[in-house]
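Down below are the structures I want you to see.
Here subunit A shows up in two complexes: once beside subunit B, once beside subunit C.
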Partner chain A sequence: MNAPALETHNLSVSYRGKPVLQGVDLAIPAGSLTGLMGPNGAGKSTLLKTLIGEIRPDSGWARLLGEPLARVLGRVGYVPQRESIDWDFPVSVLDVALMGTARDLGWFGRPGRGHRRRAMDALEQTGMADFAGRRIGELSGGQQQRAFLARALAQDADIYLMDEPLAGVDAATERAIIALLGTMRDAGKTVVVVHHDLRTAGRYFDRLVLLNLRVVAHGPADDVMRRELLEKAYGGKLTLLSEVAAREVRGGEGREP
Partner chain B sequence: MSAIATAAVAAVLTGLLCGFYGTFVVVRRMALTGDMISHAVLPGVVAALVWGGTRNPIIVLACAGAAGLLGSFAMRGILAHTRLKPDAALALVLSVFFAIGVALVSMFQPSGAIAFLYGQIAALDGRDLAFLATATAATFALAPFIFRSLTLVSFDPAFARVLGLPVRAIDTAFYAALTVAIVIAMQAVGVVLVTAMLVTPAAAARFCTPTLVRTCAIACVTGAVGALAGVAISDLRTGTPTGPLIALCLAALFALAALFGPHHGRLPTRARRARNRRRIAGEDFLKALWHYEHGKPEPTAPATPSRAVVRQLAARGMIDTSAPAPALTPAGREAAAGLVRAHRLWETYLADVAEYPPDHVHEEAERAEHWIDAARMREIADRIGTPSLDPHGSPIPPAAGQPGKEDET
Partner chain C sequence: MTPAAFLSLTANDGWLLAAAFLTALACGLPGAWLVLRRMSLTGDAISHSVLPGIVIGFLISGSLDSPWLVIGAATCGWLAVMLIDRLHHVGGVREDAATGIVFTTMFSLGVLLMRRYAGRVDLDPDCVLFGQIDTAIHGARVTIGSLEIPGIVASSAFSALLAITFAAILHHRLLASAFDTPHSRMLGHAPALTRSLLLAVTAAVVVAAFQAVGAIMSVALLVLPGATGLLIARRMPALFAVITVHAALSAFLGFQLAGLANCNYGAAVVIAGAGLFVLTAVFAKIRA
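Moving on to the complex of A and B:
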């Protein structure tokens, strides 16, 4: 059997003395479309940021495409959360899509016709070609998400980590984006998407991960969308677990536990 | 070279250099960090002047860089180990380092320190100028190659990292280059006004263009022109200090850009709004004439809008003003029918799809009708299934070029 495209073992992360993830074990098969679900503050974004090396875990490890992140740079695509982007930044939609080709350009190269072609193709696929010259700040929420998806497509990575690409998107765009993610999966890509909407999760994704401080459930969507599991994930945190973990973290930093 | 020529060349080069790095300072929202660096390097500068022997720009820069590095370590330490937010941490580091710098100046009174504290562009010598020219030339020679990576790292560092770009190294190089630019600008305008050299040109440029490359180019030119103007004025009126004059000239350029800049400048924005108001008044008049022709709601002649609006409509062939009362031309009639169509389609959409209460839809449509273009109209018509009556029971005029019921009867 192939190595999983995404694997974590006993991954624990804390932020400012508060545990965000505790002992997360995951193995996501290659070529799947996985939804990462959980209530607010469950650690979904933190998990993605840890996977891409933005946040250092307290313990445990993560592998992408069977390797540590440093070995697979460029084969990992990342679509950040809306809030982390400065929408006033003076870049156009085409500029954003072109960033997807940056890997081939090296540090100092300048995009040529081939790179532009790839960026425009990606914009075509996401229905954003007509907006290529627009500044990202002038777009609607759905168009902004599609611009970033175009950047991911232009990058042609093997695994994609997307932080709420359906946030602030209208229903038609949501369908278009989901269809696109399906196409990417069918092309053999592994796609992991942070998602909020429980009503659509079962339909949109092959597999689901229910996260709340730790992995509550993981598996084929139908197996995970079960009442008792959802209640376990959304029915509040395991107070005792997070309290003890918080005392551990704070104590380890020499603070009042 | 004469003193004034030296000052002029130094001003232009400093303006170009600060315009370039200042653009990234502004788009990365790190103006305060720039201010922090300028204050943090002061102890290093003074130490170099006290113990470095001759005022060698390389030694000054090395010591300044060391102090700046110390400042950013202090900054990082404070952020990692306390609960202070970046702005408070910046203010803390800035004031402590500046205090040390000023204390060193009054303890040792090294020659040349005043130039860094208050700026004294005339005090620059040939060696300084050669150094400045090298830094500027290096920056602009590398600019085409580093611009894209620097933009990517500034815009979305997390993505840059997964692409495998050396984000940390690029950031460090940027800070180092910024420190060089700041130490140079300090000699022109002084510690406190360095921010003016860095931030003002780029802030002005943002009013002129939406793209980063052009923002950067305009910021460089603005910086050079402002600095040169400051030197020129200070030369005409001997005794006026150059640093503050440069800052004021840059501020004047900023004011011009904020007023007249095509990209969200105050006056172009107002002019655009006024044009839209005139267009809407004209469209409302066309619609009123159309209703008058159709005897609905009441066949009273509509109030005539301002003369400018009427003249514009006549010039566009929308109305005929040869008779005492203006009348619609065929083109005007078509435009008016389009507006009525937009209005009634939107009312139907709001009532049927968006489920607005029927007594709310008219006002909404009164505003929206001026902003619904042909493509949007087709989209709405598709969505609501091309009805012939609006929620109030009035007929919806057909799309232009299509025969409608009204034409048949």
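Moving on to the complex of A and C:
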């Protein structure tokens, strides 16, 4: 149980000769809920895409669930950035959730009643059951994210990598999604989430990774949410930082008891 | 009274309609996946790039019905996709520019081969470029059981059967890989192989479409049905229903149009298909 669910060693990635990630060493424990933070262009999405094999690293390696990716396909759930999905695609919410169940289908298989039930259960859990027949293009941003979370749940993976599942969702949906991620963590799943909002990071996640080309800090959320570390990761973006600092001074307003 | 007699069609007209419908359906099925994947231009590239393969296949076999044509075409289609891919990913050329360069070059090579050798063998450039379904229907017949049917009907039926089998059996793989490729790979679905199979089937149906509408217009049969379906279909089953209806109506209306205008049936099928697309677009706009 103590073996890390996600481990990288000296992982480096470049794009057209420009380094995007350099010497990334990470060990994320199983059964944790981790926020992956950093300024724009820090390499957060690149790290996720490297972990799922979409981008080939220049050097270093990554292991998921103690194995190279190719050996644990199906046990790794991925929720892409909303912009990478074609929302005009003629599929319903149920179709999307069903795609999560397809890992045990062979080349010629098709989803049966069991798959359908798993998909509906997942939609139930994400509060999307009433929208099962809705075309995905007709959903709000929050509903779209929930449909993809349902797909991830239906997959019943062991580790989940999510690229900004809270981007463009309303406050109620954000709370619902965070609660759901907590439930997944409590069920023993490892969840890694790219997150943008420094104001909520401390209370949403158990652990945080501060990334800016390299790993600036990694550990329990309280140890990472420190001014000097945030400054190191976010550099000159002081307006945002002073806003966070001001909140800290006011006694952690925004922190729920 | 048979349906053909009801529409006052001759048996020959019936075969013509069948060949056009089957060809349009065969192209429309893989074509829909190309449209969904935003790869319509790749369809265009394949439909033009297969020309040298078809000419070489014809030069080897001396017949338009030979499997050599399919082999040559599939090889050239694959070669074109590979070249575009290499130019883009290794050479750093923009993908649309790479596509434009590769398929026009290969098409020109095909035209060159055809003009150079057409005199010696019985290969009519007009037939390859624009299709001559009206003439081809009178060509060699094949006997299946007790039924004697025109070769072009048999080959388009075979092509449609291939496309239907492909679309039905691999539906879930095609869907998952087109909708979200990384997710499909994470499920262990080998999306790259699915994509290659799609391109191979596209090359195969294009060969059959050559006789009907020719190299230049076959891309229309790939793209029009799927693009029309996407205007109104809310889910995949509806999309395939629209594709089937579009193929049938294109064949039928094109036949009427060709009769009225006394023109090439292949071109008339494409015009009818485009007309249906415009009507559907207007309908979708009004309904929205």
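One rule holds in what follows: the second predicted complex is superposed on the first by the 234 of 257 C-alpha atoms of A that agree within 3 Å, B and C clash if a C-alpha of one lies under 4 Å from a C-alpha of the other, contacts with A are read in each partner's own complex, and residues count from 1 in each chain.
Here, a residue touches a chain if its C-beta (ideal position, glycine included) is under 8 Å from a C-beta of that chain, and two chains touch if they have at least 3 such contacts.
Just so we're clear, the structure is a prediction, and the values are computed from it rather than from any experiment.
Partners subunit B and subunit C, once the complexes are superposed on subunit A, run into each other and clash.
Shared-chain residue A:Gly77: touches subunit B and subunit C both. Of the two partner chains placed around the shared chain by superposition, neither subunit B nor subunit C is touched by A:Arg116. By the touch criterion defined above, A:Lys232 reaches neither subunit B nor subunit C. Once the two complexes are overlaid on the shared chain, A:His9 sits clear of subunit B and of subunit C alike.
Shared contact residues of subunit A with subunit B and subunit C: 49, 52-54, 73-74, 76-78, 80, 84-86, 89-92, 95, 99, 102-103, 105, 107-111, 135, 151, 155. By the touch criterion stated above, subunit C contacts subunit A in their complex at residues 36, 38, 169-173, 175-176, 178-180, 182-183, 185-189, 230, 233-236, 238-239.
Across the complex, subunit B meets subunit A through its residues 27, 29, 83, 144-146, 148-149, 151-152, 154-156, 158-166, 170, 206, 209-212, 215.
By the touch criterion stated above, subunit A contacts subunit C in their complex at residues 49, 52-54, 73-74, 76-78, 80, 84-86, 88-92, 95-96, 99, 102-103, 105, 107-111, 135, 151, 155. Against subunit B, in their complex, subunit A makes its touches with residues 16, 49, 52-54, 69, 73-74, 76-78, 80, 84-86, 89-92, 95, 99, 102-103, 105, 107-111, 135, 151, 155.
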